[in-house]
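After this come two complexes, each holding chain A, first together with chain B and then together with chain C.
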Partner chain A sequence: MIILAIAGRELRSIFHTTVGWLVIAGFLLMTGFFWATMVSFYIVQGADLLSNPNAAMQMSLTDHLLAPFFGNTAVVLLMLSPALSMRLFSEEIKQRTLELLLTAPVSTWEIILGKFLGAMGFVGAMLLGTLTVPLSLWLWASPDPGALFGGYLSLGLLAAAVISLGMLFSSLSQNQIVAVVLTFSASLALWILSWVSEDPQALVVQMSLSSHLQDLATGVVRLSDLAYFAGFVGFFLFATQQRVDSTRWR
Partner chain B sequence: MAEIQVESLTRRFGTTTAVERVSFTVEKGEIVGFLGPNGAGKSTTMRILTGALGATEGRVLVGGVDVFERPTDAKRIIGYLPEVPPVYTDMTVRAYLRYAARLRRVPDPKGAAEQVMRRVGLEEVAHRLIGHLSKGFKQRVGIAQALVHQPKVLILDEPTSGLDPGQRREIRELIQDLSAGEVTVILSTHVLSEVEALCDRVIIINRGRIVAQDSIEVLARSGRTVVLEVESPDASLTARLSALDGVEGVEADGPRIRVRTARDLRAEIARAAVPAGLLELRAENALEDVFLQLTASEVA
Partner chain C sequence: MDKLQRYGWTLGVAGLLGVVVAGSLWFLFKEATQSVIIAASVATALLGTWAYVDRQALAGTLASRGFRYGSGSATLVGMVGAIALFGFVLSKNHDHRWDLTQEQRFTLSEQSLQVARGLEGVELIAFFQGGSAEERRFRDLSEGLRLANPSLQVRVVDPFRDAALARQFAVTSAYGTVVLKRGEASQRLESDFSEDAVVAALIRLQSDEKHRVCWSTGHGEFDIADDYTPGGYGTVGAKLGGLNYAVTPYRLLQGALGDHCDAVVVMGPQEELLPVEEEQLAVFLAQGGRVLVGLEPGDAPGFSSALARYGVVVGDDLVLDADIAARAAGLDDPTALLLDQRNRAPHPILEAFRGDLLLQLTRSVSFLDGTPGMAGSEIVRTGPSAWAETQWREAAETDALGPDPSVDIVGDVPLMVVAEVTDGGALGVGEQHAPDGAAPAAEVPAPLEGLTAPLDLSDRSAAVPADFSPVAGGRLVVIGDAGFASNRFIAAGSNQDLFFNSLAWLVDEADQLGERPEVLGGDMLEMNILEEALLWLVSLFLVPGLAAIMALVILVRRRFQ
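For the complex of A and B:
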């Protein structure tokens, strides 16, 4: 219950900021733009292939429309999520409101989970805003519901990873700009890490965020990918908890 | 058993020692004032008592609960007003107090918020954003937040700072009411008259150490200045006063004469001054003398 109270306050307060509205507006604009260009590209491609029935058979909604759409959306989300996590602790340290939480009969875990859920709630609202786009496919085609589910799951997991990472950076500084820059740089580095090696089994590739999203975005849910994100988020939430607790003693 | 028990508390920040081997107890229903110059360690001590900050050494029991070992249980019974009120400027007063009540696990947060707004006089601004309130009202919201869960122990860091004289008086009366209801209060302030009006006992801190702790009467007895006004001041009066046993100094400034004494000599001084036409005799703010004496000596 306390976790929900903290999450609720956090969610409302993001909606009270200009940054929150800019993030949501930017996200919807960009995803809408991507969708429009991809659909028109898909149609042109499909028309070209009409004369070649064999090729047309291979062209699937999942591979040629949904997967690229979710892939592009993931990049937008990667860029925007740090703006949602930057204030989680920095703002409270600066405004001296953290004292309210630290002296309430609430554990550090409850504070951290509450804040994490609050930011994720905002991501949920952003994703909900894009839902009309792929759902409109049903008006004239029958997309694979598994691919839709996998796509949204991949976006949610990516946001969770970036926000957990960002929350740690936010707890390190009362300066939100520092937090957002560090979060963005670190998550971008984790994203492009997979470009370092051709070998999909290489450690750098396995550590990369992007390599664990590829299959999910086409609807293939693999346990190893889920475990990666669970471990990632768990690690950074734990690190944040350690950090917040240690500030009382240093 | 004492409601608050602090044993040999030490807190270092890197190489600076903010609080050094501080020990004291506070009984149930008592109001204790923390006095000390800027940087003395008052806020640091209070932050440790409320669990906001850890200690380097020492032990704190609040209501018999060890604050470091069972922080959550201790925090349930403590209300805390930090030096800067911990208010969210983007919330309305009502929403904020409901949130504060939920954080304190109050069974009926809405009712508790309404009740405390009535008590602290915030009803008229209940619907306003805290960020738009004046400093005094923000301070009151901070006080309301500390009271919303009806704590048994109240720790108030400069509760009346930023308030106008009328509001100060209201908050003083509120604290007295609470104390009558068995709430134990520790407050810090720079206003000595407030301590005199409110506190049963004073703890004077200087450079992280307790330099005195006692009731105001006892403390004030240790240093006194008597100011008199006479009709016809002359050298013989000054001589008579200086000759009194226990007088440490006499300064004459026209009809006004200041007599510094080691103990309460008001009766003797009055008798000596009557021949010169005594018009007025009063003891000057004794606590201030004691405070300045105790906190200045260490600097030398």
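For the complex of A and C:
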């Protein structure tokens, strides 16, 4: 309950700022542009192939519209998520309110999870705005609900991973800029790590964020992908908890 | 010494950097090369020097409360990291995949698994650029095939990394190449690496013979080479070409079917077959040949009636269905028949797949028990709400028609017949078999160059070769719809399975009786210009605009507070 109260407070604090809404507007503008452009291109492609039923059969909403859309949205999310996590602890450290928070009758875990859920709630609100995607598809075609679910799940897991990583960096520095730069650099490095090796089973590829999102975006959920994200988020939240807790004895 | 103590920490930093460099080199080269050993030695020496120089400060730090708490905390973090890593490795080793897609497009079809199980001594060598989407999909596919048959050898090679092997197999395609080998035989894929294409190549590789399919032409039949128009059969033609079938357009007039064909397909003739051609088919069937016939309502009435000699009664009707469930499924047209498993009798052709069939513009086809020399059965029927409308030509609108039990077959209308020749001699080959009513007034075409056709094209006995020896074992499949596997309908339900299983049953290819992967794609997005403009408006202005307005409201409210 306390966790939810903290999450609600975090969420309200974001929605009560102009920046919060501008971030949502920017995110929706970018994803909306991607979507509208891709749909227009898909329609033109379909019209070109209309006279050739054999070639038209290659047209797939999942492969040619949904998967690329979720891929582009993931990159936008990768850039925006560090901005969401940067202030979670840096601000508290700078304003010296973290000590106050820690003296309140709440555990460090409740603070960590509350802030994490608050940030995830904001991401949820951003993704909610992209619901025009499935809605517009259902109006004019029959998209695969499994692929849509997989796509949104991949975005949620990516956001969770980047925010948990960002929370650790935010707890390490009172400077939000330092936190955002470190989070973005680390996330980007983890994203492009898969480019290092061409062997999909190589350790560097398995460490990469992007290699665990590819199947999800097409509607295939792998146990190993879920375990990767669960381990990733769990590890960074624990590391953040240890870092914040260290304030008590330092 | 003072200076050394003051700047001793730089030695520690340099030592740590050395450790990072040595670790990175080891990570890259995967072995302790000379450079790794040198970097590690230098780093150790630097760290040792720093520890000696800063020993007092280090001892103080090690004894501090912060270090004790901090090291405990770091150990805990390390342990949690190790647990997370262990969980991931465990899940990787016992990975499970949930295919959430509606069409189960990442799950191998039953037919693919069946083909994989029957493979022996097959090796797949795939050349894909590492990390490409094609490579990932092929790995998924081969993983599924290997699960079905662990003896299958699969190698995925990056042509850029193993250029020598790529050169050996003459890999030039930018999309990738898959070479399938079995002993000396090999198959090659260079653009399509779908489940369908790989399985077809495996079938070709495994099969020692190619089935010769003669596609009847010259009577307005569906065109096997037309992959462009909705009414063509080009998709089927391409798929058959990818399997172990050699399809040849064939004029029945040419005769000698037994010499050139293992199976004959007569799909949707609009004009009558010549008496000699009908007899060529009879000779073929009586000598153990296999024939697949598809007939559209109203077309080739003489040929349709002539099938009665095999016990196949093709109705001069149009099957209509008032099924409410089908209407609810979006089939507004009563000539469209949605047939599920309840509409099918047990037969190898149909038992191998579970999907629905979609037939449109269909006529009834039934089997007359007791026909001499033939044994057969009706294997596909409509539901009770359908009827075979005999007055369909008179009505302008099908909605105005209704079942009339006195002339129409009402309910459970038979649509497909399979029959086997039990005595070829009983088919009356060479005798005159004028159908009831007028005999077909077929025009006698000019003799074709190089044909062995008899000169008198109306003389049925002329079609009978001198060495004619009737046997049992001929097979005949007749369907009251010829367009069910055309380019337009091949992707509908399990229509492709009905066609390919019928042909597989005819040529005795038990391995190919199955449920194929769905023909995917064909997802069209049809919008008019206004709807597209609306989508742009909503995506680009309305939705982001609402968030921007909220930002403005908060800004204004704060200014005035």
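Heads up, the rule we're going with is that the second predicted complex is superposed on the first by the 249 of 250 C-alpha atoms of A that agree within 3 Å, B and C clash if a C-alpha of one lies under 4 Å from a C-alpha of the other, contacts with A are read in each partner's own complex, and residues count from 1 in each chain.
In this text, contacts are C-beta pairs under 8 Å (C-beta built on N, C-alpha and C of every residue); 3 or more make two chains touch, one makes a residue touch a chain.
Not measured: the values here are computed from a predicted model.
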More chain A residues in contact [chain B versus chain C]: C
Partner chain(s) touched by A:95 [first = chain B, second = chain C, both, neither]: first
Partner chain(s) touched by A:249 [first = chain B, second = chain C, both, neither]: both
Touching partner for A:105 - first (chain B), second (chain C), both, neither: first
First (chain B), second (chain C), both or neither touched by A:239: second
Touched partner set for A:231, first chain B, second chain C, both or neither: second
Partner chain(s) touched by A:189 [first = chain B, second = chain C, both, neither]: neither
Partner chain(s) touched by A:9 [first = chain B, second = chain C, both, neither]: first
Residues on chain A lying within both footprints (that of chain B and that of chain C): 16-17, 249-250
Of all residues in chain A, those that touch chain C in their complex: 16-22, 24-26, 28-29, 32-33, 35-36, 39-40, 42-43, 46, 50-54, 56-63, 65, 129, 132, 136-137, 140-142, 144-147, 149-150, 194-195, 197-200, 205-206, 214-215, 218-224, 226-228, 230-232, 234-235, 238-239, 242, 245-246, 249-250
Chain A contact footprint on chain B (complex, rising order): 13, 47, 50-54, 72-73, 75-76, 78, 80, 82, 84, 86-91, 99-100, 102-105, 145
Chain C - residues contacting chain A, complex: 65-66, 69-70, 73-74, 76-77, 80-81, 83-85, 87-88, 90-92, 94-103, 105-106, 129-131, 133, 135-136, 139, 158, 160-161, 227-230, 234-235, 238, 487-488, 491, 519-527, 531-532, 535-536, 538-540, 543-545, 547-548, 550-552, 554-555, 558
Residue numbers on chain A that touch chain B, as the complex places them: 1-2, 5-6, 9, 13, 16-17, 95-107, 248-250
